Structures are given as C-alpha cells and as structure tokens.
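As written, the chain order gives the labels A, B, C and D, with residue 1 at the start of each chain.
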Amino acid sequence: MQLGMIGLGRMGANIVRRLMRDGHECVVFDTNPDAVAALVAEGATGADSLDDLAGKLSAPRAAWVMVPASITGKVVDQLAAAFESGDAIIDGGNSNYRDDVRRAAALEKSGIDYIDAGTSGGVFGLERGYCLMIGGPDAAVARLEPIFKTIAPGAGEIERTPGRGGDYAPEEQGYLHCGPSGAGHFVKMVHNGIEYGIMAALAEGLNILHNADAGTREAEHSAEIAPLEEPEFYKFDIETPKVAELWRRGSVISSWLLDLTAAALEENHDLDGLAGRVSDSGEGRWTVKAAVDVGVPAPVLAASLFERFASRDEDHYANQLLSAMRLQFGGHTELPTGDVLEAGGRKTDAQG
Amino acid sequence: MQLGMIGLGRMGANIVRRLMRDGHECVVFDTNPDAVAALVAEGATGADSLDDLAGKLSAPRAAWVMVPASITGKVVDQLAAAFESGDAIIDGGNSNYRDDVRRAAALEKSGIDYIDAGTSGGVFGLERGYCLMIGGPDAAVARLEPIFKTIAPGAGEIERTPGRGGDYAPEEQGYLHCGPSGAGHFVKMVHNGIEYGIMAALAEGLNILHNADAGTREAEHSAEIAPLEEPEFYKFDIETPKVAELWRRGSVISSWLLDLTAAALEENHDLDGLAGRVSDSGEGRWTVKAAVDVGVPAPVLAASLFERFASRDEDHYANQLLSAMRLQFGGHTELPTGDVLEAGGRKTDAQG
Amino acid sequence: MQLGMIGLGRMGANIVRRLMRDGHECVVFDTNPDAVAALVAEGATGADSLDDLAGKLSAPRAAWVMVPASITGKVVDQLAAAFESGDAIIDGGNSNYRDDVRRAAALEKSGIDYIDAGTSGGVFGLERGYCLMIGGPDAAVARLEPIFKTIAPGAGEIERTPGRGGDYAPEEQGYLHCGPSGAGHFVKMVHNGIEYGIMAALAEGLNILHNADAGTREAEHSAEIAPLEEPEFYKFDIETPKVAELWRRGSVISSWLLDLTAAALEENHDLDGLAGRVSDSGEGRWTVKAAVDVGVPAPVLAASLFERFASRDEDHYANQLLSAMRLQFGGHTELPTGDVLEAGGRKTDAQG
Amino acid sequence: MQLGMIGLGRMGANIVRRLMRDGHECVVFDTNPDAVAALVAEGATGADSLDDLAGKLSAPRAAWVMVPASITGKVVDQLAAAFESGDAIIDGGNSNYRDDVRRAAALEKSGIDYIDAGTSGGVFGLERGYCLMIGGPDAAVARLEPIFKTIAPGAGEIERTPGRGGDYAPEEQGYLHCGPSGAGHFVKMVHNGIEYGIMAALAEGLNILHNADAGTREAEHSAEIAPLEEPEFYKFDIETPKVAELWRRGSVISSWLLDLTAAALEENHDLDGLAGRVSDSGEGRWTVKAAVDVGVPAPVLAASLFERFASRDEDHYANQLLSAMRLQFGGHTELPTGDVLEAGGRKTDAQG
C-alpha cells in the first residue's frame, strides 16, 4: 500500500527502503532536499512540502512522522492541516506517550486517526526489521497492518516460544497493537527503561571484572579510602573483551546488548577516547516517573538512570556536601583547602 | 580424551552425554546407582566409588566434580586422596571462587591441578552447549582443552563480532581460560550477578506495564497512599505475554532471558500459582560483596539482589519500624492496633 | 495581627492556639462546628462559612488554609471569591508546589496574593513550633512576617551555628521566605523526601541489627536461599530498643527521627500489631520526579520510596515474573504449582 | 578507677581528659612523646612503652586502645604479652567486629578479657561525651562500668523517651553493653552505615534544591541529554545554606548531621575548594556486606556507599562501556573520538 514518510534520517530512510523492497509505494519528504533526492533515486516519490506530500497521497492517506521528538508536535499539526477526515498520521519517533494521548484527542475532532508507533531497531533495522509497538484506534491500526508487517522483522529464524502454534501472531512477527493512543509509546518507553537497566547490569558487572586486580594495585590505596580487605582474592587480570565474547555463546545473559558490548570491546579494547559521560534520552526518565506515578518499585531502572546522571557529574554538589560534612566531623573550622584526602586521613582521629 | 564425572544430576549427566557424542570416554559416579546405570546404558563406564573411578581413569587423570556447592569441598578432598601428582580435578559447580583459591593452594602441594570451571547453560545445555569460564594453571587447562571445546557450544550460527576473523578464538567457541585458580568462578559469579540485574530490569519494566491501568482502578486507592496523579495517562490494559513475545523480534532488549520470560508468560499467562518469593543462590550475593570490596559502585546489581530479599519479606522489621515512626508523627501514644491504614489517613492531620 | 484559619484539624487548631497565645487574633472556620466551638471557647472568633470568615476579617485580609491537599484547590477558589485585591491566602497544607505555581498565577489577576507555606512539626508543633518554608510575593510575605514568626519555633535553646552572630535571621527562628510562589512547598517537598531517606536508613540499619542472630537460626535456612556464610559472625542478640535509645546520646546519627524510633520501640518493644505496610504521601514521589526532571541522581531517596511501595506488595507481579523465569531455567515445562521452594532447591541441578 | 590509654590522638587524649576530670586515674602511652607529655602536664601518668604502661597499672589492669584500625591487632598482641590473666583490653577504635570475635577467642586462652567499644562523638566528644557501644564478657564489662559511664555523655538535657522512668538505664546515659565480643563494633558498624544513609539523604535532597533553577538554565542543555520538561516549574533560586539552618528548628529532619551541614554551608556558602571526592571508611562497606550475609535488603545504605565510590570515579569503566554501547546503537563503526556529545545527538537518528 501507500505511505508518506516525513523525516528521512537514517531510520526514516531505511523504513522507506524496507517498504519499497516489499512493494509498497512511498511519498517522502525531508527539509533536506538531498535526503529526498536519494530516496527518489531508489524509487520513492519525492515531495517538497507537507502539502505536496498530502497532495501526492491518495485518500485515505497515511503518513509516518519520523522526526526528533522536540519537533514532532509542530510537524503533526502542519500535517493535520493538510490532511482530512479518514486520514491517518503515525508518529514513529520517541515521543512521550502523554503527547500521544493529547494529540490523539485533538485530532479526533477533525476525524484524523493518530497512531503512535514505538520503533526499536537502531541502524540494523534495515536488515533486521524494526520492532513496532503500536497504539491507536482499532480500525486505523487494522487498515495499516500491511505497512507494520513489512517494517517489522517478521518471524525470522528465532526459535518459536513453546506453546505457540498455528499462524504466527502479530507479536511473533514483530509488531503489536498494544492499545489506544499512547499505548505504543508507553510500551516503547518501558522497553527503553529496561534497556537502561540491562545496559547498567552489563556495565557494572564488567566493571567489577575490570577491577578484579585490585589486590595487585593495593599500594595505590591511600588514606582516602578503606583499604581492600583480603587482597589475595583480587588478583585476577580479566580480559573483558574476551569475556563479553564468551558470554555470547550458551550463557544465560546472552543478548543483543551483550553482542553490542562485545563488538564495542573488540573494536576498542581499552575504550580509548570515551569520556564515560553517558547521555540519556527521555524514555528512561519517563519510565521512572511512570513507576512512581503508579506506585510500583523500580529500583533497578531508577539506579540505571541515576548512574547516567552521575556519570555527567550531576552529583557534584551532593558530593561536595558529603565532603563538607566529613570535614565538620573532623572539627576543621578553617575553610577547607580542597585537601579532601587529608581530611579523610584524619578521620580515624575523630571518628564518626 | 578421557574424563571422570562425579555428580550425575541433570547437568552432570548431560555434560557426559555431550562428551560421549563427540567421542570422549567417560567414567561416571554418583551416590545414586540408578544415575550411574542410566549413563552406563548410554556407553559410559560406571564407577561405584571415588576410588573405583580413580582406578578406572588413566594417568594423568582428569575428573569433573558437578555436585552441590555445599559438598564440593568434601568430594574434592576425597577425590584428591585417590588421585596423584599430575592429575587434575575440575570443579564445575557453583562454588565461591574463594574456595577455589584455597583448594588450589592446598592441592598444589600434592601436585594435583585444580581447575574451576564456571558453567552456564541450564537444562538447555545438552543441545546448546555450556558456556565455560575456566580458572587454573596454564598447562592443565591446555591439556584439557579438548574436553572444554566439546562441552562448550562452539561458534554455532551466532553472527561473528565485527572485527574478528581467522580461526575462531576459544571465547568464540564458548570457553575461556580466564586466569589462575578462582578466575573461572569469579567470572561466573559476576555473570550471575549480571543475570540478576537483567532479570530485575525485565521484571520491573513488565510490572510497570502490568500496572499501566492504574488510572482505571483509582477507586481502590485508599487513604493509605498518595492518590494517582493524572489518572488519564494510566488507562492502558497491556497484555504483557504479547509484549514479551514482541520484544523478542528486532528490539534492543532481545535476549535469552526475554525468551524465557515470553515462554513463562505463554505457559502461564497470569502467573497463577507463583507466590513471588524469589530465591537467590550465592553468586548474586558474592558479586555485591566483591563490588564493595574492590570499591566499585554496583547499585543495579545490589538492588536486584535486595528485591529478592524483600520478596521473601526480609524487609518486614524495617517496614514495621517505618510504620511505627509514622505512628509517632501522628502522636498516637496508645499501642498501635495494626490499623496502619488509619494512621496513614490521619497523616494530613499531623503532617511531617 | 489578624489571621483567618480554615481547617481546624490538629495542626490547624494548634497553629491557632499558638497564635492566640502570642496575642494574635484568629477567625476560624471548619466544616465541623464542634471544632469551631472548641477554639471559640479558647478565645477565637468563630465563622460558619468562608464568606462569614471573610466578612469578619479586616482588609487587607489574610487566611491560612489547612485542609487535605485534595480539597485545597476548591477551598482556595471559594475563599478567593470572597476575598478582594490586596488580600492574601496562605496554603499551609501539603500541596504539590506545581499547584501553587498555577494557583498563584490564577489569583494574581484578581490582585490576591497567594502564599505557600510548607509546614513541618507534627503534633508536637503546639509546643515546639512549626518549621515554615514559605513561597510567595515579597511584599505579602513581608506583611505577614509577624504571623510566621509566632508560628515558627523561634531560636529556642538550639546551639547557634558557628559563624552566625548578631540578630537572629528568620531561618534561625524557624521560618524562611524561600522564593516565589511554589518555592515553599518545593522546599517542603524535598524536606519530606529527605525524611523518607533518613527513616529508611534507620529502618534498614535496625533491621540488620535485628537479624544479627542469623547465625543461631541457621537451621531455618532452606534450599530456597543461599546459606549463611560464616554463621559464627552472626550470633548477636541485639536489643534494638536499647540501641535506639543509646544512639540518642552523643552519636553522630542523633536526630528527631531517632527520638521517635526510640519512643516507638519503648512503647512497643516488638512492634506488635504493625503490619509493616508503609504508607506514602505525595512528597516523596514528587521529590523523585523532581530529581528525574532536573537530572540529578537521587538513588537513596528513590530507594526509600520504592521500599515503601514494596512493603505494600506492589512488587508482587515483578517477583512472580522472577520466579517464573527461574522455573524456566530449571526446565520445568509443566505449569508451576507454586512450589517455588522446590524450584529453588533444584537450581543446583540446572544452574544459571 | 584506673585506666591505661594507648593512642593519644584527638579522641584518645580527650577521653583521657574526660576521665581525669571525673576523678579517674590515667596511665597514657603514645609513640609520640609530645602527646604523652601534654597529658602528663594535665595530670596523667606517662608511660614510655607498653611494658611500662602495664607496669604502672594495678591488677586487674584495664587499658583502652585507641589507634588506627590497621595497627590495632599488633598493639593488642603486644599489650596482651605484657598483661596477665584477669586484665582487660578495650579496643575503642573502628575495628571490624570480626577481628574482635577472633581476638577475644585468642585472648580468652590467656585469661585476658577483650572488650570492643564502638565510640562515636567526633571532636565534640570532650564536651558532649562519647556514645559507647560495648561488646564483651559480662563480668569484665560490669567491672569497667565506671569508666564507660564517665566517657559517655550521660543523660544530659535530652528529653526523656516517653514511657521511661525511674533510674536512668545505661543506654540513657550513652553507653550500652550490646552483647558478647564483637557486638559493640557490630552496632557501631551499623551506626556508621546509617550515618552514610542519612548523609546521603541530606546531600541528595540539597542537590535537588541546588538545581531547582534548572528551568532558568535551559539553554545549557545540549543534545547530550534529555531536555528539561516543563521548565516553568524549575525556576527557583534556593539558598541552601539558609534552608539547612531553617530545618534545624522544628522540622522532622532535625538532626546532628543537619547541624553539621548548616555549619559547613555557613562556613563555606559555595563549598569552594571541595572536590567532592568522598572518602569512605570500612564501616559502610561492612554494613552492606553484613546485610547481604544475613539476607536483609539495604538498598538505601548500599546506594549511599556506592555514591561515594562513584564520587571517586570508580564508575569510570562502567560509564565508558555505556557510552560504547550507545555508539554501537548508532552504528558508528569508526573508532570513537571521544565526542560523546555528538553520539548522543545522533541518538534520535538511530533510536534504541
């Protein structure tokens, strides 16, 4: 069938390619004309504005918006102005599901269906397909199922879950209508929250392995911190790139994120050039806030988010306060000179 | 080559089967004669005691101990008494790596090599192979490499990590010599610590999805707890069994533990009959203690462990104390009657 | 000066008493006429409606609203209808500071000043005074300073902070103008977030002491969980009521919450009748969400909140999932029977 | 009565002073002769060796060891050699309670009583007294009660806990016999674990207040991190030094650690010169390990410990790994250049 695509970054462009390969017809638009031209060369119909795109689609229209979350609202509004009752707008970006709820309600008045499609897959999606978590009105989602089916990975060679049989259900093909508007991005949000947790579990564990030689570095220990007890048990020199590769085969924690970790460590054994200031997009934050709202504990997901904040030194003032309190214990009434080490060293003298 | 196997539970027996399939010769012993007989019927040589097993192995002997961690020490000692210099004992169980360090040092005196082989794979290992994390002296580990190679999964159909080429390295075949005695179980310990973290990330995330309908259950909210804010954003009825299945295809969090989750939810949609009192074996605990020892943060791994403790109500006294403090805020000087709800309700009256 | 008080629960009534003792004049209203009558008997002027209260106050009027957060909005609106430009409304309840920001903006149009006064002190406030965290327009807050000064504890006998001298600053007297509308409840919110953290630290620590005899209860340990290592180090029978009392004197952690803990344990040594289902009001939740919003780590505050959720079994589904995954490890393809214990026991047989 | 004191650092010297003020007789030793001379000038009997000290004490002797934990074992051994059956050695330092258990067992053979006295109070102890948590044999602890009573703060002006009456119990006077050898340092260990948690709660909360102006700094937000949602709610410029002072009066979180915080912020409003690399002594670590051992959750105490580790960049490798995984998502196969910001920015393009 026919689909409009707005936003031809890597993901948007690859979704278009995946659709065209499967015989769908795509009308494409991006503010960057080169991005449009590139896909036109591959068989897409180009558009030079949202109005142009709307004009080149047959009713009932369907267009997929794949732009940064910060401008999604504006693009949806403009597109809605060019669309009419019965058309459908799909937001495939990383929007907050709350925006979906609001946008769907607003568009409902003009008869335009709003569908949120949380999309996972990264740059490998062109080949692997994209996992789609979809929210929106039943009829509209059903009408667009051929599109979702093509974008999704399909059943592939993944071993079928025991107990499942017969035709493959949509979720086995990599797309799922999760519920009304917002449900798709809600599920995608939690997916990313889990992603943070898994990434953190791997990173923390490998950090312990990386430091399994602490017993051989004992001389470095200063008065600043508690001495390593029983250093004889921490004299291992573990090669984490090999361990990450090892775990890919037959271990309980084998996972795509482990594959990425092994690839990263193979590519850059010592992680040279990485500052370790870890970004976060909104989903991890929204997940924690959702957990707080509905009152369910999410200490692992929260900890994984907070670790990222701390990696960017957002804990600086808190840590300064802790050092300042410790200086007070020690009775140092002069202004501190920044010599926290010494203050730590004196702790024995005036213990808490 | 030849290997003795002590302990013919599911894992021990399946390792024997995997070895025999690949042409190795196995001498087997278990305190349960039926377990021995079963493998003899499949081609193994049976033994009726550790001494018998030692006698049936040719020097330099090698025997794999696959028994519960609590009796490993005793079995190793008995086996060592029957073995002689040049022989090797492999502990494939879930021992604390500290015990390996101690045992290796003790056995070194008698010239017996001690090898610790952390083994992951669960009941699927017969077909998939077992991921092996190995610690011990170089020469002994090298001598036994044919055994490890057979037990391990091999390269399989897993996509090769970019940048790797040529012959498959041991870690690509699912076994790795991680370092001296203890290194194998150390790596296995951390592996399991990570496993706890990944499991918790999945469980917490799915719990949020499970409660995404909190806004439709608002009437249930009592004075006990903070009311749900903006209930309009929590009216989703998410089918977690379908979501778990969905994420197996193309998503960033696809993983073997997710496969298990999908299987569990497919088998038992509502998790009927599960009390949610989650066991923990030693590795998760040892991992957290190792992190504390070497001084690296592991909040996610620790949180995942503590969640299990809390699932078994080990937080009960702490929670009673919290309620007791809240009663004090409220100025209730009478003995509490257990009506915590009411006390919560009165909180507004005497706010903190 | 003169103040109206709406809401004569324990805190509202005691604030009135504290004001009258210091010579202020109070006009009081509550939907419960008995509560009004009680304070009239002590010297207050009674009102039988908000309009009546407004009529009995002289312009520029000032009224303190001390009602549950859920109805604060309605009361403020009604009061605003009866008030006029130049009057002031003070919200002394536990409102979300975001509501303050919204209400202040709405009232500004009619020239009514809106002041948020986060109030801490519990039932002891009548004697101790109430710690006041105030947000609102400078002029209005300044005009009402005599009221705040009386309600606040004053400098009291608390040792003066080194470096401070001369006249006592407002914060040394227990009230502070923290910033524009919302700032007062924002500071109060964080105060309560910290309160959760401190309570949790005390509860967790005392729980460890309570279980310091684990080594003498070792027989209880089943196959369900990891056995206690080195039980010889956990044979203490610590009397937590005495320890809590002890720490009140000279220790670094002496605090009012510790005083409450000691009182609770003295009153009820074994915490009989407490279910340990810990309530939470909104502030702890809002604090975590604020930390997430501004991107600063708050793992301790979040953990203390999540512990409360878990105490109410909001982790149930997550824990069921963990048990379900563990059953999958074990290869039990039959429906689980709830016998989680056994599954744990078999773990050795099919280890992760 | 008579007491020997070994180790005349600030705490040891002040304990001697406190004892002498109350009429006790002290024999003092330190490797630094000036420290001995200073106390001799104040009335103590000086010793120039442990043997000399033993010789100047009358049997049954009692000596208090107040030296860094790392040399306590050596000093106790030397002292034991100079002591005889019926004498008592008190370890007042921050020893691991496990060492107490071991030392008590070793000394028991020679009839020397070993007492562990966890001591809290910091440099203010000379005036305030020291909170004493005592472990050891009943008879020995009872014999030395006059010493403990003098060192402890006494009942002081602290309001008596409701329900307590009659003579003041030892715990009301600031000392407590907690149990057999090790029990004192066990309780002190948990005390310090709680201290970490309370400090962290205060620091995290004040950090949120410190960043309550995030909405006015929004321009700083780069592509690196999620944009602040609803910046209109984060436009407060909170003066944390005033807030800390405020909370000292009448608030639920008033505490000695808050007093120290207020003092630190008064002394150094902007915490200039503090690097925020927070030391940790052993107790926080041991507390977490004890919680893990006995199987009770301690997420708050653990998080407060891990925050300190992270403040010293012990999370560096973990964070590098997280950034490396994110680079993989983005499909950047070239070696990273450290430009993590850009990678974050491209995230939208290839979302997880």
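Going forward, a contact is a pair of C-beta atoms (placed from the backbone, for glycine too) under 8 Å apart; a residue touches a chain by one contact, two chains touch by 3 or more.
Listed by chain with UniProt protein names: A, B, C, D = Decarboxylating 6-phosphogluconate dehydrogenase.
As the structure is a prediction and not an experimental result, all values here were calculated from the model.
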Interface residue identity across copies subunit A, subunit B - same or different by half: same
Most distant chain from subunit C by Cα centroid: B
CA centroid of subunit B to CA centroid of subunit D, Å: 35
Subunit C and subunit D: spacing of chain centres that average the CA atoms, whole Å: 27
Subunit A-subunit D separation of Cα centroids, rounded to whole Å: 40
Residues of subunit A whose C-beta touches two or more other chains: 120, 122, 162, 192, 195, 200, 202, 204, 206-207, 211, 225-226, 229, 252, 257, 263, 267, 280, 285, 293, 295-299, 303, 306-307, 310, 312, 314-315, 318, 329, 333, 352
Touch list for subunit A against partner subunit C, complex: 162, 252, 280, 285, 288-289, 292-293, 295-299, 302-303, 305-307, 309-310, 312, 314-315, 318, 329, 333, 352
Complex contact set, residues of subunit D against subunit C: 97-98, 101, 120-122, 125, 128-131, 133, 152-156, 158-159, 161-164, 169, 171-176, 178-180, 182-183, 186-187, 190-198, 200-202, 204-209, 211-212, 214, 225-226, 228-230, 232-239, 242-243, 245-259, 262-263, 266-267, 287, 290-291, 293-301, 303-304, 306-307
Of all residues in subunit B, those that touch subunit C in their complex: 9-11, 68-70, 93-94, 96, 119-120, 122-124, 192, 195, 199-200, 202-204, 206-207, 210-211, 224-227, 229, 257, 260-261, 263-265, 267-268, 271-282, 284-285, 299, 303, 307-308, 310-312, 314-331, 333, 335-338, 340-341, 343-344, 347-352
